[in-house]
Each structure stands twice: as C-alpha cells, then as structure tokens.
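The same chain A turns up in both complexes below, where it pairs with chain B and then with chain C.
Up next is the complex of A and B:
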C-alpha cells in the first residue's frame, strides 16, 4: 500500500521531499550563521523556480527578473516602516501585489505586443535597470545606495520573525521552508495540469497553438504574473532576514545570477533551479570568502561549461525521467 | 436535410489583398455550402494559401468581407476564428514537435476551452479516451508516446489531421495535405479526407491531380488571384481556359 502511494509520487517530488526533510532536521546541527544563510539559499531557490516558470516552462527569456524580487523586498519594507498599522499581512500582500501590478503592465506591452526572443530579454533588462536607478535616485523614499536598515521583524500570531535572536531566526527558517514547500507544490500542480501542457505547447509552436483556438497571450500572461508574485514574495521575505536592502536587489546582478542558477540547475524542471541555486549560492559563499573577485570568474566558467556540455543543466541528465 | 445542404456556411465577398503593389487576391467571391467539399487548385502563386490566410485571420484583406454562419468575421483574430469553428491544416506539418503524439491531440482538444478550465485541472480519463479514438482513426495508436518530431513525414501529416479532427471544427481547411507523400500515402490520405468530409465541410488546396480524381468533388480554379473556373472535376478537366493555364502543363 505504502509502496503504491510512493510510486504515484513523481521522481522530482521525491527528490524535493528528501531535500525538504534534510532542511527540516538541520537546525539543531547548525550555527545561527548557517541557518541564516540556509534561509537565504531557500529564498533564492524560490526566486529561481519562479524564473523557470517563465523561462523553462513558457519560453520567455527574462533578463530582469530581479525587478520583481527587489520590488517585493522594497514593498514589504516600506509598508512595514511607513505603514506599521497595516501589520505584517498587509506588507506581505504588498510584496505580492506590487510586482503583480508591474507584471500586468509589462505583459500588456510585451506579451500582448508580441515582443519575443531577444527583444523580450532586452526590455525586461531595461525595466530592471530602470527600477534600480529609480530606487537609487529616490533617496527620500528608499534611502538610495545607503540602503534600508534596520527592517522591522515580521509578526504573525504573536510570533516574530527576523534574525535578531536564535529563536526568531529558527522560526523564520521554518516559515521560509513552509513557503518553499507550498510554492513548490503549487508550481508542481500548475505545470502538470492541462495548463502546464498548454505552456509547453505554446513554447514549442505558438502558431499551431493559436490556430487551435488557444489564447496564447492570456496563457503567457498568467505564467508571467504568477512568476512575478512568487519572486516578489521571496524578495519580501528576504528583507527582514537580511535586515538590509539596497537597489542592487532590483538590478542586473541578481537578474543575471538567477538566470545562471536556473541554467545550471536545469530548465523545465522545478527541482533543477532549486538544487542549482543552493549549490551555486553555497559555492559563492565559500569562494567569495577566500577570493572575492575570482567568484565571478568561476561562475562564468561554470556557466560556459554547462551551456556547452549540458544545455539542459544538472537535471537535464535525469529530466526525461523527472517529467514523467 | 435537403434544406440544410443549401445553407451557406462560408461566404467570401469581393476579397482583395495586396502585397506592396502586387495584388495577390483580386476580387475573389466564393460561397461554400454546408456539408460541401471544395477543392481549390491553381498554379504556384495563384493565391491559394493567401486565401486561407485571409479566411483564418492570419492576414486581413485590403477590402472585402468574410462571412461565416451569417456573421462577419473579417476582423477576428486567428484564435477567435478557430473558436467559432474554422480550423486549418498548414502546408508543412505544423505540430508540437517536443510533445508526444497523444499530447498533441490533447492540446487540440483543449483548444476551445477557457484558460480557467485548464488551470490546475489534470488531464482526465475522458480527455484520454477521446484522444485514443482519434489516434485510431489516424492509425497512430501504437505511437502515442512517441515525440511528434520522431514521426515520419506522412505520419506527421496524419497527426496534424488528427489534431484538426479533435479540435471539432465546422469548417476544415487543408493546405496541400498530400504534399511530399508517396503515391500510396496520397491515396490513403485522400481516402481519409473523404471520410472526414462526410460529416464536415471542407476546403482542400491541392496540386495533385490523382488526389483530385480520387475526391472528384467541386473544384475552384484560382489563377493570378482570380477565380478562373468553377465546376466538377470532369468539367474543369474539359475547360479550355484551365487547360491553357494549368492542366495543359501536365
């Protein structure tokens, strides 16, 4: 009986459940610093899964996905600081909704305007850079390059979440893991539904899909908006954890890094970006402690090797089995 | 039933389409009655595919109107035109090549669903059964789990025809369905299309005369963007004008 129900779970979800289990039992064996960076890894992994929804699953290459992540971080922070009466839930809602509004606006011009391929990538990059500049320049609102700190803790049902004490940090860690699990399973059902198949079909041959009656712009817009909301939420949860946000979060650095995480992990799977992110961010933490500038060189080499030899990323090797 | 046969399903009224200074479709009026099977023939560049592009909303005419079921659809976009019942087969197999054969047909079945009916809903047993029924018609049951890109050319053409059937159109447009097929495949395809057109209205663009003889239905000859002749295949075969510009070359 148990064997049967285990078989019904896809290989991808099995791997995810194993990772989830490891993450859940880790805290007693780790230091506060390690929990803090692990929380960050998981948030970045959520961010990477959201990019893969539009890149791997829907075929839209965005070079500006950090715009949503950073916007989520700033929305949550500014709501917590300037509108404390609203409380945590309003702030979290803001970190979801503000990126969604931007995504809706962008969809109208990019998706309904039939912008595709490299032009889509360039325009999303410009949006990301513009927001970074705006955030830098608008000092009275965002404190510009100085960055925003301190950031008030999240509080839900008398529980406080930030990195100030071990107890609060462990709570925060579990909250982030809960969110990661929820988002993984939402995306899992999303991509394996009829709609997920439609996204694959549109990526494959938009013309055929359109001439079978499918609303391709509508289908892409839904994926784009969902990805923006998830990236925004990840960014929102990032702010009180780091206790510091700066315009960099919206810009080129994170936008390109997340692309590398997804490419290395493996597009068109959920677990690929998740694992790819954790491995690369972990390596970055180690190497940038030793040789700061060399990290970008190393990650560049990793990217070139992956693109040349494993275009489907680490998960590409097993992806045919995973997708079943 | 007899009365239904005379209902005009598709009515093209004085369609004109120019590319630059060149008139590709020049004042074409054409009526297709319900249940009819119409063949359109004509030399290369006669405007046959452009005519399909105008009907399906891929191109907009410079002037003239497209009427389907007494409703003007000239300005509709392609997916809307498909949703009201016109589906087309492209000249080269146009499939989802990275999806499995069965998934290709499934996607055709979902074509007229709202996105809300697709979100978070799994492919269910009913979808699968309908898909399998189509695979039986196009004889691809055994290849249902093969990627569409791994099929032979003839199989791809048949898969696309299967997708069109699953899309449940009222009017089916075939753009050279036997292009690149062997003699045997051409005959089988003609037979298949003939069976399909028993219950459907179809328009077929075809070059292949063997195919036309096999079908033997109403034929419209297009030449330089104009209608040159209309009639049964036998009438067309005897028509002097047609002989000169088209058949005479054989």
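Up next is the complex of A and C:
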C-alpha cells in the first residue's frame, strides 16, 4: 500500500519532498547567517517558480517579473510602517493584492490586447523599469534610492518573525519553508488541473485551442495573476528578512536574475527553477566574495551554454538520464 | 519663443537624432529576423570603448569613430555565426541567449577597463552661432552624421539589390526562400550592419555621455521605446518613434522632473501598444 502510493508520486514531487526534508532538519546544524541566507534562497526559489508558471507553463516570457516581487516587498513594508494598526495579516494581504491589481491592469493591456511574443517581453520590461523609476522618484513615500530600513517584524498571534534574534529567525525560516511547500503544491495541482492542461495546449498551439472553444485570454490571465500573487508574497516575506528594500528590487536586475535561474534550472517543471535558484544563488554567495566580475562572466557563459545545448535546463538533463 | 525654449527645442531634435542612430540597428534586426537583440546596448558600449582604446593609443577620436563600426561589425558577425543563427525559429530563446551575451560583454569590459568612468576629450569643442543662439558644434555634427547615415540607409534599402532582398524577407520570409534568396547570407550581413551601426553610435556619442560598462542598459531601454512606438520595418517609422519620444521628453520636462517625464513616456508606450500593437507608423501585423 505504502509502496503503491509512493509510486504514484511523480519524480518531481519526490525530489521536492527530499529537499523539503533536508531544509526542515538543517537548522540545528547551521549558523544564524546560514539560516538567513537559506531563507533568502527559498524565497527566491518561490519567486522563480512563479515566473516558471507564466514562462514555462504558459509561454509568456516576462522580462519584468521583479515588478511583482518588488511591489510585494514595498506594499508589505509601507503597510507595516504607515498603517501599523492593520497588523501583519493586512500587510501580507497587501503584498498579495497590490501585485494582483498590477497584473490585472497588465493583462488588460497585454493579454487582452493580444500583445504576444517578444513584444510581451519588452513591455513587461518597460513596466518594471517604470516602477523602478517611480519608486526612485517618489521620495516622500518610498525614500527613493536610500531605501527603506529598518523594517518592522511580522507578528502572527504571539510569534514575531524577522532576522533580529536567532529564535525569531528560525521561526521565520520555518514560516518561509511552510509557504514554499504550500506554493509548490498549489502550483503542482494547478498545472495538472484543467486550467494547467489548457495552458499547455495554448502554449503549443493557441489557434487550435481557440478553435476548440477555449477562452485563451482568460486562462492566461488567471496564470498571470496567480504568478503575480506568488511573486508578491515572496517579495513581501523578503522585506523583513533582509531588513532593507530599495527600488532595485522592482527593476531590471532581479527581473533578469530570475530568468537566468529558471532557464538554468529547467522550464516547465516546478522543481527545476527551485533547485536552479538555490544552486545559482548559493554559488553566487560563495564566488561573488572571491571573484566578483568573473563570477558574473561565468553566469553569462552558463546562460548562453544552457540555452544553446540544454534548452530544458538541469531538470532536462536529469530526467533524460533517468528515462534511459 | 525665448532663447531657452529654442535651445530646448534644438536639444530635442539632437536627442531624437541620437535615438535614431541607436535604434536603427535594433529595428533592422528585429524587422528582418524577428529577433530582439538584448545585447544591442552592449554593442553600443563596445563602440564607445573602441574610441577609448583609440584615445589610449594616442589616436584622435575620428580614428576611433572610423574603427568602431568595423570592430563592432566583426563582433556582430561572429555572434551571428556562432550563436544567434541557431535561434531564428525560437525568438523567446534568443531574448535569453542575447541577454547572456550582454552579461558576458559587460563583465569582460569591467575586467579589462575597471568599473569606473572613462573620459573622452571632445575634439570639436566650442559652439556655433545658430539663429542667434550659440549651440555646441559637436551636437550639430552628430545631427549631420545621423542625417547622412539615414540617407545612406534609405538608398541602401530602397535602391540596391541587397536592400530589395531585405525588404522581400521582411514581407515574407518563406516566400523569399522559395524564390531563391539566400536568407542566411542576408541575415548575417544585416546583423553585422546593425551591430556596426550600434558601435558607431557608441563611438560618436563618447564626448557627450559618461562611458562605463553599464552604459548599454539605459540606451537599450530607450531604443526599445523607439521601436515600440515607431513600429518595425520602416525607416520612417523609426524616425517617427524617435521624434515622438524626444518631443514628449522635451514638452514634459517643462512641467516635471526628468525622471517623471521618463515615467510618462514609458506609460505612453504601454498604453499605445494596446491601441496600436503595430506601432504608430508601422504597417498592420497580419
């Protein structure tokens, strides 16, 4: 019985459960600094999965996905600072809803405007640049380039979450892992649901999907909004952890980083971007201390090589090996 | 109009000329191959650094400007042959691949020249009397050079057999292949020409802008705006887009700060693409 139900779990989910287990038992063996960067890795991994939902699963390349991540971070921070009566739950709701509102606007302009292909990528990039500029210019609200610091802790019931003390940090770490697990399984079931299959069909052949009577724009919009909400939540949780946010979070730097993580990890799987992100960000923290410029040069070379020779990324290589 | 308004107005014209010079390559490559070259800004940067190298070797800027299109054109040719050629059927992937290339160029230049600013002496300092106002000579020269390049490109694309083939490919790629046009050859040369133009733009601009390894990115986003607004596949669309972007900046900068004006230009582009996805001056996309 147990064996049978184990077999029913896909390879992807098995890998995820193993990683989840490792992440859960890790804290006693690590330092505070390591827990802190691990939490950051996992948040970035959530962010990468959300991009994969629209890129890998729905075929929309967004070069401005950090707009949602950064917007989530700013919404949560501003709500915590300027509207403390609302409490943490309101702030978290804000970090989910504000990106969703932006995603709705963008869907109206882009998806319902039938903007596709490379134009979609460029316009999303322009949106992200616009928000970065807006955040820089609107000093009275966002403190511009100086950035926001310190950021108040999240408090849910009697628990406080931030990176100030070890106890709070460990709590925060487990909260983030819980969120990651939840989001993984939401995305897992979403991509295998009717909508997920429809998205794959649209990606493969949009005209045929339309002929079969499906609402293409509707399905794409749902995926886009879900991705925006997840990216926003990841950004929201990032703010108190890092204790500092700046307009850079909304802009080109993070938008393109996340593309690299997803491309290297492997599109069209959830676990690919998750692992790809953790590996790349981990290597970055190691190497950027030793050889800053050379590390980014290596990243560029890795990206070109992956795209040239392994279009399905790390997960593509792994699953090919296993199938043999 | 008072003097400041006139100067602002001439500045707007000069800025749109610069935008045209920058966006030409991007637009030609996009129009012909459907490929957005994210490394376009870095080709511009390589052109600027060609001028820096020329100055370091003790040559003057004119020689740098002469060499930059040759050098960057060769870099473009190498890129096309080795990498970009493989992606023409997959435009999304090209975006990512060319982004990788842009990172590589940026970091190489950072490692070779350091992350700091480079300074190029202006070889044509001083200003010229223009309708009663003094205007920098070098800016006037840029306007002149851009004008000459535009006329040259117009003749090239409309009066030569090569240009005819290019326009045929823009209209219908499959049909052109069927009629025996060597599409691969045309792609290769056009990509090199686009790269060479970006490089030349970079070298020409050196006395006016700050030169550092990150200079390509703002340049790229401005070129995107021009291409989005102007539409793809015609030189007139390109000119229209560039004039629109710079005039918007010119008018809005009377009322707002430059950052705010920039935000408005971005918003305009986003709204415009909903109304006219083919660009203001472009032909309808089938």
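Here is the rule we use: the second predicted complex is superposed on the first by the 317 of 324 C-alpha atoms of A that agree within 3 Å, B and C clash if a C-alpha of one lies under 4 Å from a C-alpha of the other, contacts with A are read in each partner's own complex, and residues count from 1 in each chain.
Throughout what follows, contacts are C-beta pairs under 8 Å (C-beta built on N, C-alpha and C of every residue); 3 or more make two chains touch, one makes a residue touch a chain.
Only a predicted model underlies this, so the values are computations on that prediction, with no experimental measurement involved.
Of the two partner chains placed around the shared chain by superposition, neither chain B nor chain C is touched by A:143.
In the superposition on chain A, A:192 makes contact with chain B only, while chain C stays out of contact range. With both structures placed on the common chain, the touch criterion links A:218 to chain B but leaves chain C unconnected. Comparing chain B with chain C, more residues of chain A are touched by C. When both complexes are overlaid on chain A, the residue A:36 reaches neither chain B nor chain C. Of the two partner chains placed around the shared chain by superposition, neither chain B nor chain C is touched by A:14.
Once the two complexes are overlaid on the shared chain, A:126 sits against chain C while remaining clear of chain B. In the superposition on chain A, A:160 makes contact with neither chain B nor chain C.
No residue of chain A contacts both chain B in one complex and chain C in the other. Those residues of chain A lying in contact with chain B across their complex are 189-190, 192-195, 197-198, 200-201, 204-205, 207-216, 218-219, 222. The residues of chain A lying in touch with chain C in their complex are 59, 61, 63, 108-110, 113-115, 117-119, 121-123, 125-127, 129-130, 133-134, 136-137, 252, 256, 259-260, 263, 293-294, 296-297, 299-304, 307-308, 311. Here chain C touches chain A in the complex through residues 30, 34-36, 83, 86, 91-93, 95-97, 99-104, 106-108, 110-111, 115, 217, 221, 224-225, 228, 257, 259-260, 262-263, 266-267, 269-271, 273-274, 277, going by the rule given at the top.
Within the complex formed with chain A, the chain B residues making contact are 56, 58, 78-79, 82-83, 87-88, 90, 94-99, 103, 106-108, 110-113, 115, 117-123, 127, 163, 167.
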